[in-house]
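Lettered A, B, C and D in written order, each chain numbered from 1.
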Amino acid sequence: MKKAKGFRGCGTADGRPREECGVFAVYGHPDAARVAFFGLFALQHRGQESAGIATSDGCQIWERKGMGLVSEVFREDHLAKLPGRLAIGHVRYSTTGSSVISNAQPFLVHHGNEYYALAHNGNLINAQELRSQLEARGSIFQSTMDSEVIIHLMAPFFRTRFEDALTRALYQIEGAYSVVMLTKDRIVAARDPRGFRPLCLGKLDNHGWVIASETCAFDLVGAHYVREVAPGEIIVIDGEGLHSLTPFGPEKPAHCIFELIYFARPDSHVFGTNVYLTRKRLGHRLAREYRPDADLVMPFPDSGNYAALGYAEESALPFEMGMIRNHYVGRTFIQPTQPMRDFGVRVKLNPVRELLAGKRVLIVEDSIIRGTTSRNRVRNLRENGAKEIHMAVSCPPTRFPCPYGIDFSSKGELIAAQKGEEAAIADFIGLDSLHYLTLDGMVAATGLAPNSFCLACYTGAYPLTPPAELNKQCFETADLGL
Amino acid sequence: MKKAKGFRGCGTADGRPREECGVFAVYGHPDAARVAFFGLFALQHRGQESAGIATSDGCQIWERKGMGLVSEVFREDHLAKLPGRLAIGHVRYSTTGSSVISNAQPFLVHHGNEYYALAHNGNLINAQELRSQLEARGSIFQSTMDSEVIIHLMAPFFRTRFEDALTRALYQIEGAYSVVMLTKDRIVAARDPRGFRPLCLGKLDNHGWVIASETCAFDLVGAHYVREVAPGEIIVIDGEGLHSLTPFGPEKPAHCIFELIYFARPDSHVFGTNVYLTRKRLGHRLAREYRPDADLVMPFPDSGNYAALGYAEESALPFEMGMIRNHYVGRTFIQPTQPMRDFGVRVKLNPVRELLAGKRVLIVEDSIIRGTTSRNRVRNLRENGAKEIHMAVSCPPTRFPCPYGIDFSSKGELIAAQKGEEAAIADFIGLDSLHYLTLDGMVAATGLAPNSFCLACYTGAYPLTPPAELNKQCFETADLGL
Amino acid sequence: MKKAKGFRGCGTADGRPREECGVFAVYGHPDAARVAFFGLFALQHRGQESAGIATSDGCQIWERKGMGLVSEVFREDHLAKLPGRLAIGHVRYSTTGSSVISNAQPFLVHHGNEYYALAHNGNLINAQELRSQLEARGSIFQSTMDSEVIIHLMAPFFRTRFEDALTRALYQIEGAYSVVMLTKDRIVAARDPRGFRPLCLGKLDNHGWVIASETCAFDLVGAHYVREVAPGEIIVIDGEGLHSLTPFGPEKPAHCIFELIYFARPDSHVFGTNVYLTRKRLGHRLAREYRPDADLVMPFPDSGNYAALGYAEESALPFEMGMIRNHYVGRTFIQPTQPMRDFGVRVKLNPVRELLAGKRVLIVEDSIIRGTTSRNRVRNLRENGAKEIHMAVSCPPTRFPCPYGIDFSSKGELIAAQKGEEAAIADFIGLDSLHYLTLDGMVAATGLAPNSFCLACYTGAYPLTPPAELNKQCFETADLGL
Amino acid sequence: MKKAKGFRGCGTADGRPREECGVFAVYGHPDAARVAFFGLFALQHRGQESAGIATSDGCQIWERKGMGLVSEVFREDHLAKLPGRLAIGHVRYSTTGSSVISNAQPFLVHHGNEYYALAHNGNLINAQELRSQLEARGSIFQSTMDSEVIIHLMAPFFRTRFEDALTRALYQIEGAYSVVMLTKDRIVAARDPRGFRPLCLGKLDNHGWVIASETCAFDLVGAHYVREVAPGEIIVIDGEGLHSLTPFGPEKPAHCIFELIYFARPDSHVFGTNVYLTRKRLGHRLAREYRPDADLVMPFPDSGNYAALGYAEESALPFEMGMIRNHYVGRTFIQPTQPMRDFGVRVKLNPVRELLAGKRVLIVEDSIIRGTTSRNRVRNLRENGAKEIHMAVSCPPTRFPCPYGIDFSSKGELIAAQKGEEAAIADFIGLDSLHYLTLDGMVAATGLAPNSFCLACYTGAYPLTPPAELNKQCFETADLGL
């Protein structure tokens, strides 16, 4: 159904979008849409559900968004219809249930003969409450995205300076946001006071500016890294240059460590450090904490590659790539024939039997969320002759859901929350042994200040109190029927 | 661009939708979406740009809409995803410039955990003014449709009874509206106090109710005509049956006579009379007012068919179908080769030369708006040998634009407003003679009360004063370069 | 399945294509593909299943074909990829079962570094036999079309003059063919010695030539009718002009009278007479043969329009258009709701109840094939109040299938073959009375020589003996379960 | 243009398809199409241009093929229309110019009321000559594929036993072929007497048989490797089991060593050895032959991965993955902005600057064909700070084109043929040093008999003389303008 809107329960809309996303903005390039396209292209790993770009030619605002990859949504002729020197863009992560075009961003509104566009990465924890208040006053929402609340909070103040309207709105908002906005003549970026999600500032050779979730976007568009957008900072770029506002008082930073562990691209610089080298250091730490007897070290492609390289380097064990990925798979919805056990594994990966038969294998993983994928892969390795299978994970057990923009689903789906003990988890996955990196080991490997991170998914210590509803929906231990 | 929104001028949105449309509603049928589909199918002549259906299963609301014909927008599997016993539907007429999916209806909003859908035929003359007031208070609009104003006016009162919220909104609105609305458990229909557009009520064999712009929709879905929805009436259908509210004082009726002349289907019953027989009577009147020497009477397919039949019957001249329509044309955007004069005519119609050569032909037309199509067809007839060409038109000269929902474009585009005299118009079109039916003749042919019609497009006497902006945009005599 | 080929029975291919088609050719126009497009556009009534155009730029041959209407298969950018001054085109009629792209025409072959294209209207009665012989020699066929046999018969002689190879092939062929062919530098047209199907020659203002199944194609492309391609004639048009070959001895003509009755467009000139006026004369004859007491004459839209006009003129009964066609129907595959009786009728046509109630109605039809459509429409008229329903048919009872290119299906499906007596047919359809035009009346109404027609579908006297297999498959009286 | 056929020059068809492909067959599985789907899915690396499957249900043959990846061509509902216990399938490699659906396989023909399907991997060197002879006798070809010649050579003998007709055809053919064929009741496979391309036989748990280009297809469908189809062997599988024919005398084997170096999947068993371990041994050899001073070893993703692992293992240098692939790129045709130097590299790969800056890097590559890609990547590494860049290639210089099914283009495009000396090539690519593995080193690393390979692309010693035309087109040293 192109536009059909169904809702999960009677009178209950999907009020809790939990996506991770990527944002990009450019000011002062003659072909801003094209720069935004390549910026989003480099940020594609942050969201594959939908993509969108809005531009301004100084007079009007133009937009295109659609479901799918950046390269699927945009063709050359589309860019020709996105004129202007200013642009913002967005990629959105796929979560089940709310994959609808009306939730794609940038979010564009028309108000009082002006147009405004917004692209947001993060999750607002008091969005539902604010929305109810706004609706009671007569506001009508177009989407189920929490991002839309920001615009409605700004609307009564649109006749004042744009950045003032934004500041007024942000004062009422709690949660994680790295947001970029577009008016006909300016780009505005804002990052929440704790800096949950990354956001960085770069400069083009032609003196234009770019803003992106990660620095890998700068490399592709040929921009130079300048600095992070500071937690709590609002940056305005207009005809008079770049202005920085800091309307919020200082807060303790709470950078999401999972960006370093798993989410960010290894070639990016995030929270002031390189991701590739950080992940290798996590592997070094792992090797110092845990050294089972093994003949070889390997990742599952491609999740623990860099930690595995670090482990092999530190341990001097041979590094192998013992499961071969089918590079041309595309998506297929064809069902397997009856005897295809572990089909979901086999269709993507095939172990090299001659390499693995009779061997003691150490798998290095970046993280374990639900554990089911690992279980299937481990079983598949055993069927191909591996004698022992051990696993080292480059972070502690993930026990608590994230209300700030990473979709860990409910606590009941987290295997570490379910099983508790490492031994029980190892048993579930079918391992001979299992080791999680210690919290201290993980934080030390980053090389950054220990108190600068949000570690809530490991510790349950939330920097901002999540809403009661989240508690109810997600924090109870559901029965997984395992 | 699927979702790109460009605007005609800097800071100026397209604030004046001028479409004619068709609406349909059904209450109490186990497959309400299917009934709505066939209701819209029968109303397709009222709008070919977009089509949409919203249903309620008593708990949730479901919707699908899209650009194109009803038969293009809906397939069997779509209906399966539109469950419920309540439905409303809409077809929309194509006008240039605003053919975008965001303007398709039913218009669906989510507010306070409830969903509401609305489908509207007509045009509100104070929509722009109300919209500005609402935006100043912080409301954000999703479309450029005047219909959206109704919802925003209702929003602060959604916690009261739905029909009370609607009444409050309608008190503020001026213009033409035949509107149907859907909540999770009721259908509401309303018609403006002057009854500009038709709206009628029917009953299904199973005791369910239907509401439609025209009765031809009842014939296809097997419903029986009950009565018109009265001007100024609000009808509520819910679990306790049908309720009629009449919150507005009595007003002089102003039925759009152009529905009988041209717009409605000949098999419909509109404003209390049959359209086919009315058109034949218009032809009878014409034959009494005007009788040039002619060898045969014919319509241009298919605009003046019934008036031509009436004319032939009254005058005893032979009725012919002398221009053959290409029934399989579909739409083509292929450009003609150089020597294809009158291409727009030829590609659809081909005169039967052997029939027409040397003949004196009388064309009966229902109306002349811009005159250019007639001009091309007349020239084409002459090239195929017609000796004389006369034309009888079954209404007076159309001299004034319509602010109540018929898209006559601006006054400058109306040939009768431009040229004034019949002789000048005949000359422009290339006729040997031309006669328009007199105003009295037209009204008398309807058999209805003379003072029950809006005749503004012929007389300029507007029942409701159109906004000044309409005057400026449309009422000035533009130069057509004729 | 885009290319899946399934076959009806084990080892039995669909060897009997029975389609009616239209062909077009142009020589000597700078934009030959565009001329061919509009030629096919005007011939669309002869086939709606597939359309195709092949062109030559003097050096190479280019082609595009596809399923659907001409206007669906070709867009402006496609024409740009069909360069050259020579073109042939084809439209194909939809018959169930063989609607596959591999059977679309023009049929293009590559042989000995040359390319040849062919488009064929008609049916070869010895195609299956010739095909078996060719396969035994090692030839491999690409399609199930009998047209392909012509090319294979020509193949061993392609090194001789093209027209000599064609003559050699045609000597072996029996049946109906109006065929146009394209090589890199010439257009060749051929019509079988009995002239079953029409084929005519026209001239462009620029001295180029066109060939078409019907003259309505000349009107649209601005060509002048020159003459028919004579039965048994081969026309070659190349750089030295137009050459006519008549390699076959004289045969008694056998023009398909059904082209005049039903198939050809009313604005065409076919077999030397105008179709519209012929159909009106058929109506005149009918009125002289049969005059039931009736209040009005009407056709079912749009099958008997012109005969009905002729009948009304001769009988002085009022002509009405009492069933209203839904002009915007498109195709829908949506199923009706339960109580929608006569759905197939209602979805296309709606009677004007106020006109018909209590009336004695005379329907004029062009022909009755299976009778089921008429039965449903008649029932629908009665439900709308018609008091009596009589029917006059503008040809005799259709009792025998056609092996020369009209798809009448098998004898068992012909109601007149099944029921025999007029009274039984009237009873089946639900008529108060029924009259078929007499054979003599029909032939006399054409104004052409009585012995110039194939009347086999009425008389069973086949000009060319159909193959035994056709007899077996089609001539036995099947049980229709009526 | 869906079906437009244009030709490069006047009278010159594209007579030399040079693609690499993959074939698959299954006999005796209730859902043979599904097994074939997954077989092709695993062979996707052998061809991404088109995919197709033909099945037999014992009575009829069904087929679907299309352009694109296996997962794009087939959906679940397609498989439902491919019934039967026998199937063959094909994937085809993309070469410029002939990417048309008519060249997709399996190639299906209808002959004498029977259907036959064929799928072919390899290249026939005398196809053009045989085709000319067949056309002179009256045969008409449907495609430009050399594979079609096999069918035409068989056609006159189709009334004999199928395998006899095939043997007669193969006697006339020279070149490389691993071919599978399907009739309504049997699967036939044949491999040319020199065994250029791989082809292997496997067994399903249910006693059915599978045949595939590589064993990775067996792993996914759950089949067990039995043996290679022997060079010169014809295997027939029908209701009476598997029969092996060896109608050809013994020939010296000529296995394509490039399958081991580059083409085959690392998890496959080809020519009797495992590809992953072979590639690691090539890396070991390289490290023994060449050991520049370097800080780290890395492949370009993902071409030299396994040889690089072998090199690192043997040399004890750190293995790194210093260029990060954008995993979500999809295909984009968006053009870069002006300053995007090395765009083709950047859009897919991004170096980790922090890892590489100031380092001496050793790249291990599997092969160098044109050298331009390597040049761009090397430049990109230098721009990211690499101090020295050395390259080790796991095969000798590729100096001669391949007429047996690998598309190396013409000799003029091979950088090693152009530049000759290693130093000149290193200079072109921008390397500090370059080493190719020696011929003896390469052959020794395979562990197979030294005289069992075709090494023509390195030595110019062709096991079968290529046609003169190939010599002319490809063997002359063209000027690359380097």
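The definition used in the following text is that a residue touches a chain if its C-beta (ideal position, glycine included) is under 8 Å from a C-beta of that chain, and two chains touch if they have at least 3 such contacts.
Computed from a prediction, not measured in an experiment: that's the story for all the values here.
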Between C-D and A-D, the pair joined by more C-beta contacts: A-D
Of all chains present, which has the mean Cα position farthest from that of subunit A? C
Can you give the whole-Å distance between the Cα centres of subunit A and subunit C? 62
Centroid of subunit A to centroid of subunit D, CA atoms only: how many Å? 38
Can you give the whole-Å distance between the Cα centres of subunit C and subunit D? 50
In subunit B, which residues are in touch with two or more of the other chains? none
Going by the touch definition at the top, which pairs of chains touch each other? A-B, A-D, B-C, C-D
Per the contact definition, I'd like the list of subunit A residues that touch subunit D in the complex. 29, 31, 34-35, 37-38, 41-42, 44-45, 48, 69-72, 74-76, 79, 205, 216, 219-222, 265-267, 269, 274, 276-277, 302, 305-306, 309, 312-313, 318-321, 324, 326-337, 339-341, 346-347, 350-355
Which part of subunit C faces subunit D closely enough to touch in the complex? 1-7, 10-13, 52, 59-66, 78, 81-82, 101, 108-115, 132, 135-142, 144, 151-152, 155-156
